[in-house]
Amino acid sequence: MNFEQVNIPEKLVPDNYLQLGLAAQRSKQRSFKELLEKRKLPKNGWSDERIEELVHMLASLDSNNYPHKVGLGEREARIACKLVARRHYNFGHGIGRSGDLLEAQPKAAGSTLLARLTNALILDLIRGIGLPSCAGCFLVPMCTGMTLTLCLQSLRKRRPGARYVLWSRIDQKSCFKAITATGLVPVVIPCLIKGESLNTNVDLFREKIKSLGVDSILCLYTTTSCFAPRNSDDIAEVSKLSKQWQIPHLVNNAYGLQAKEIVNQLECANRVGRIDYFVQSSDKNLLVPVGSAIVASFNESVLHDVASTYAGRASGSQSLDVLMTLLSLGRNGFRLLFDQRGENFNYLRENLRKFAEPRGEIVIDSRFNSISLAITLATLAGDQMKSITKLGSMLHMRGVSGARVIVPGQNKTIDGHEFLDFGSHRSNLQVPYLTVAAGIGITREEIDKFFDIFNKCWNQIFQTKNEKIMSLLETTIK
Amino acid sequence: MNFEQVNIPEKLVPDNYLQLGLAAQRSKQRSFKELLEKRKLPKNGWSDERIEELVHMLASLDSNNYPHKVGLGEREARIACKLVARRHYNFGHGIGRSGDLLEAQPKAAGSTLLARLTNALILDLIRGIGLPSCAGCFLVPMCTGMTLTLCLQSLRKRRPGARYVLWSRIDQKSCFKAITATGLVPVVIPCLIKGESLNTNVDLFREKIKSLGVDSILCLYTTTSCFAPRNSDDIAEVSKLSKQWQIPHLVNNAYGLQAKEIVNQLECANRVGRIDYFVQSSDKNLLVPVGSAIVASFNESVLHDVASTYAGRASGSQSLDVLMTLLSLGRNGFRLLFDQRGENFNYLRENLRKFAEPRGEIVIDSRFNSISLAITLATLAGDQMKSITKLGSMLHMRGVSGARVIVPGQNKTIDGHEFLDFGSHRSNLQVPYLTVAAGIGITREEIDKFFDIFNKCWNQIFQTKNEKIMSLLETTIK
Amino acid sequence: MNFEQVNIPEKLVPDNYLQLGLAAQRSKQRSFKELLEKRKLPKNGWSDERIEELVHMLASLDSNNYPHKVGLGEREARIACKLVARRHYNFGHGIGRSGDLLEAQPKAAGSTLLARLTNALILDLIRGIGLPSCAGCFLVPMCTGMTLTLCLQSLRKRRPGARYVLWSRIDQKSCFKAITATGLVPVVIPCLIKGESLNTNVDLFREKIKSLGVDSILCLYTTTSCFAPRNSDDIAEVSKLSKQWQIPHLVNNAYGLQAKEIVNQLECANRVGRIDYFVQSSDKNLLVPVGSAIVASFNESVLHDVASTYAGRASGSQSLDVLMTLLSLGRNGFRLLFDQRGENFNYLRENLRKFAEPRGEIVIDSRFNSISLAITLATLAGDQMKSITKLGSMLHMRGVSGARVIVPGQNKTIDGHEFLDFGSHRSNLQVPYLTVAAGIGITREEIDKFFDIFNKCWNQIFQTKNEKIMSLLETTIK
Amino acid sequence: MNFEQVNIPEKLVPDNYLQLGLAAQRSKQRSFKELLEKRKLPKNGWSDERIEELVHMLASLDSNNYPHKVGLGEREARIACKLVARRHYNFGHGIGRSGDLLEAQPKAAGSTLLARLTNALILDLIRGIGLPSCAGCFLVPMCTGMTLTLCLQSLRKRRPGARYVLWSRIDQKSCFKAITATGLVPVVIPCLIKGESLNTNVDLFREKIKSLGVDSILCLYTTTSCFAPRNSDDIAEVSKLSKQWQIPHLVNNAYGLQAKEIVNQLECANRVGRIDYFVQSSDKNLLVPVGSAIVASFNESVLHDVASTYAGRASGSQSLDVLMTLLSLGRNGFRLLFDQRGENFNYLRENLRKFAEPRGEIVIDSRFNSISLAITLATLAGDQMKSITKLGSMLHMRGVSGARVIVPGQNKTIDGHEFLDFGSHRSNLQVPYLTVAAGIGITREEIDKFFDIFNKCWNQIFQTKNEKIMSLLETTIK
């Protein structure tokens, strides 16, 4: 709606009062115009009202919202439940078309705009936080794992004869399942253990390329963000191999958009080598509900291969979440969260060290991991290593989520492949440990509360252990 | 919240007034209890208020909504934008876990409940409309095509040596792309042409099984709901082949849950043969926004294979849409829509016949298609066959969406496979035609408006054609 | 926001798709333009989305919603709670100014528009349903009683020497309190009893005018809508008196806008005599939450006196409710409710007669009451008249609200005035009765359910009574 | 709804996951219990979700929300428009009954609870910020002026022979109209001028009491919060008169709840004398939309007189706004706003002084006004006093609202009473001035922006004036 084309009678409102109100609209209208014409993230976040006005206007461009619509097809974006329509701002057509996530829909100009505008804003964000070479990206309304699968599938179309995926081990089920789902053959490259931290075994990558043969290898597959003490893979070195042998390189950057160090690593790896796709979770990086991932590339032309591998039309709900979130944050709002995360990581690390030292534990030095931290539980566990797992549930019971206890001896088979000491990203784990992470959005208050609770749980376990020992001693003496 | 444990002082409200209010709550509480304990679709639809109360309560069971939460992980379902949180009722954790869509999440009891309750209600719905043998089903937050891909991928895990998918031709891109995405090899089984309608070539299926060998065939892949004049595949006969040769059978039932005839066909096919999975779109059948599909099976044990092929955690937004929609409709509300669709299909067919006859056209007799109808455009097109395509855009411009004009000679290559006369599900199409569908949710008013507009467009094209002929004649005479 | 001034790049959406969407906006824009320029109720109701778009746009014209606002006053419409702001669509400034409900606010062009547009639409509605002579009206965000007080106060400014208000008795507390609140002196004119129904005693009005003297009388005060068996006052005859003696005439038309007969009576009374103000409840007539009344007049010039008697700025929330409701109903939607109410009244009366006859009761013939009905409870009560009151609470306990039981002997004193048989609008009531009403919005289903419940309660009381008599007889016999 | 009475099957969610979720509900349930049982403002604000859960639960206790309701009355809280119902959380019955704002409604236990709980929380707030002697209060859904009228009307019922209201002059229309609306006779007590500030003329009050006679005086009527340079009335001294002569004392405390000084003054005045009612605006003090006022008293028994003077049932919407706002702020949230206001007032005053000094103006020393400030415009105006009014609109045009320019010579007649120099609270104003206020919710950023804009406007006017003088000089010289 637009008041300026309406001759509002003086009887309704005095014209000088009205003019003030109309003048105030103009800056808003300018912000809409700029957003749509320049497709850049606004500097400052928008108000809820402004965001909703844009979203409503976009939705009104879709045919299911035309007042005079006549639907004679099998899919007309009819929505039976008013509450559902309302929560989707009357968007119903989804995004993409005929098996291509990036295609426009004739029935749904608004949904098309929504999807493409969102992708443009994400690109602007990615470039702004330290990846100026990023050439393009788009949101896929599937999880990171499935999106990695989609990338592998699209690579297979390019390299139909290749069947191996060289994968630097990381113990997260869906990263691995992303390979097995495609029917391709995973080749696990174990990490190098340095101290207690884990690094990419670049030499082994090279050896495998030679031994398996370049043509039989679909791609090299690395991971940045991960649980300590595993470090972010050395993607610069792997990128060099990728460039040298002309083998595609796929990076699982699950929650790496939130860390300056990883962002820099990606930009640098592209300069010295080759990355075909880097894939990241929307929810973990952009603070939206679970449900989508972002495929990005330094080479725009290869992106479309991935988009056209999605067989159908997809949910637009995730694009809407990301669009609304980015507009509400603005460039400054995201930057603030980004910087605070970095500071909170340092705060967490420092406090974890202070916690560890007097208790005879250490914070493992995984210097190439700037999100997650691991503290050993050697003294606490003693020789009752398995019993230490209850620390995790004790923390959980008290409201701490996300802290994980890793103990030796947890083997696991996934789709026929056995992983020793699953969870630790390595075989032959000796010392149990606990990991915690400073994810984007974490508050200093949460960190403080965590140490309170951690301390209480620690003491409780410690005391129990000592009592057991004492009673054992007593029994022995008698 | 629960008033009954609260001693509301008389100063706030007289007790006898309060008791009346509390009594009214009890029937509501009973409906919640029944829903959760019995997991059946309520007979009558619920009010918006009741639906939202349930949804809010479920969300409050997720850890991101605990008042005392302390998040130390990399994924804590933090939601940055209030508007986004609000439209998701504060759900953030998605569904599934560790690469299994059906697994429970320790951090998210509410999301787990949401997903499983939704699946239970869908199952109850499917059984109630004519598929009592259905053993289980679940919602996948991806489109139908990608869900078919997921099924194929999970079948490959069972039959790693097989590489062919025998597919009864249907000209919808994503159905075909669902195969090529997996890297499997599609074997196209052209339809039999009978009159102008198209039927499954069961004999050719049999021949191909013999010629390619059972072990090399991953599955038989058929489609029910489709555009006329293609008929629903003869899934009963294909099921028999499937049973006889022990080859899996996958059915693309995209919008088949809305048609009694197709539902009966499925139930029957299972009795006489074998169907491993039948997959349907949520948006097309259940009137929710685009974004999810339902995998169902007559054999519960094989369902989990599909769920565990999804590599990651998935969006819960689609489960929420379906849950809210089913609760708002109730069993009776859905049944009403279901029955009305049947009546409206008859109404549309009858009126299409009345429209066709005086114009020298026919409604093609595709008797095994109970959703879509095709009317020939032979006389209208005359020898200007290609020009008839503009009829489609004329209709679209006037608000009619979903009507499609098919003309001969539209060849298309998808992922390396060429399809002659793409769109017509056959080669060597002679007569152009228009298809329209009576999808669930269509109204009689829409059908009437369609014929108004169709008539006007027809006359306009017809007149233009005659004028061209006249002027041609005139030129000739001169 | 207005897309037409924005050059949306082809990269975001193909222009031909966009144009279709934009074309669909134009009919909407036309509806906004027409509403604001013509200030007439739309023929058909608007969709929720359209209503909210208008409301949001109006709110954005208020200074508290300017992006660049700087508030240095004591009242800046700051809203602390987001939820509150949201439910008021960010309206905060209320309506009116400096003690005049109709004045525009320099700070709030949108609120001013909201209030005046609402008044214009109400006027259009009132004229359309049978009061074409109505010259003006406005919404007062106070209850009907307080609005009547406001009218009396404004009349006093015109007639400072007058102190009597001649009031045709109606036993509703707030009608009477509306007089005593002002400090004026009520002169009660008892009704004439005809059969069991009650009519205006016009002769007594005339006598009182003569005996008290014209100048000492502030106004004549009548009531239309009321509980049976009281009839609507004979406002035509009272209007003649008003005209003849030049004494203002105030009509309490609480829920009279919903009845054709009352509307006609008002229009007719104005033709033959004089009505200064007629006041009606918004909630009872327009189905909004309790909270406002409408002052209307056949003489626009006197309306402003009332508006300028309101000492301050008032809530705009009620105007918003009425505006949204009228737009959602449209002229046709209200007309439908209006007509259905008439039919449901006939249905209720007929069924009440069928209920009464076999039980030896009658439906009192109050033919000038077309909303409420009274059925005698003579046989049911027998000589246990007081005990019949429990019938009311029995109905209430079973979900029936609004049915009232009136028994003789309930005297009451209000602000120093004693009313015998309060509730019956008369003294010396003999026969107890029950009243029910067919208000606007009632459904046939409710009426049917009422008779089910009424029947059960009746039988229960009847049986108890008989058992008492029997046991009494038995005792006597023994 | 209450999960604890439901046996949620393990199939839906593992019990240990569910138990964590349920445990998290308990603290929420405790907060509800405590609120309703103790009726005290929570220490910390509640989340939106918690507030809405309470509000929905309250609404579900009203009969219009019973699933089995059968409405046979003339007022059944039917709501025609879904959007309206939604924004009122399905509350429809309003508050109060039969002409008494404090009475419970049998049909609406929830609305009754809503109203009374809100009143209880307001009382707790008032006591907590420095008025521990406050005995009771309630919200009236009318503006402050009309609520003052209501108080006067209820006082008249107690003192029917009295007709004068002794009123310390304040130039705000609705304060005065509050008297004239009642038909009582205002006796204006001009302020004492001390420097340029204005103080209560207590002696004149005393004289008037003597000259008019105690019995003829309905009440003394003072005002606390007001525009500088008028000071808050000396309510302590007036209270002493009130006590001494046993004449009621009514205090207009429009926006006085936000200032520590005024709150202390009220508490003290009650100790040394008598205040019957003090009335304050909800929107100005509690940051809700315009529409209600709060009547408070140190004597609970006299409050009911006011409540029972409201002739009808009133809107509950304002109670809802206040309830939601208070719960969202909590005691601490309000305290923070309250303290910040005080600091911002000091900041504004300091900056105003810095602004005034170099320009040859002064900030008038109205030390008993702790909200509003006045700066003289003597030098700016020069001898073009009237032209200075444009400063106001210049500020307004630039987004500054609430700053008022007062110039000599603006006489005004209200309801027959003439006020010289209206706006200045005095006759014979010499020096023009500008007032600004630091209301609750003002931000430091706003104050800074104000001085930017003020400075620019000042310079512009100053320059124009100088240019005029120069050109005048030039003309003269020539």
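So that you can tell them apart, the chains are marked A, B, C and D in the order they are listed, and the count of residues begins at 1 in each.
In this section, a contact is a pair of C-beta atoms (placed from the backbone, for glycine too) under 8 Å apart; a residue touches a chain by one contact, two chains touch by 3 or more.
Computed from a predicted model, the values in this text were never measured in an experiment.
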item	value
Matching chain pair for B-D (criterion: over half of the contact pairs shared, by residue number), options A-B, A-D or A-C	A-C
Comparison of A-C and B-C (more C-beta pairs in contact)	A-C
Distance from chain C to chain B - Cα centre to Cα centre, in angstrom	49
Gap in Å, rounded to a whole number, between the CA centres of chain D and chain C	30
For chain A paired with chain C, centre-to-centre distance based on mean C-alpha positions, whole Å	57
Set of chain A residues in contact with two or more other chains	20, 52, 63, 66, 68, 82, 106, 396
Partner chain D, residues of chain A touching it in the complex	20, 82, 396-397
Sites on chain B touched by chain D in the complex	1-9, 11-14, 16-18, 20-22, 24-25, 27-29, 32-33, 36-37, 39, 47, 49, 52-54, 56-57, 60-63, 65-68, 90, 104-106, 108-110, 112-113, 116-117, 120
Residues on chain A engaged by chain B in the complex (per definition of touch)	48, 51-52, 63, 66, 68-84, 87-89, 91-94, 98-99, 106-107, 141-146, 148-149, 153, 156-157, 160, 173-175, 177-178, 180-184, 225, 227, 254-255, 281, 283-284, 286-292, 309-318, 321, 324-325, 328-329, 333, 337, 371-372, 396, 399-404, 415, 436-437, 439-442, 446-447, 449-450, 453
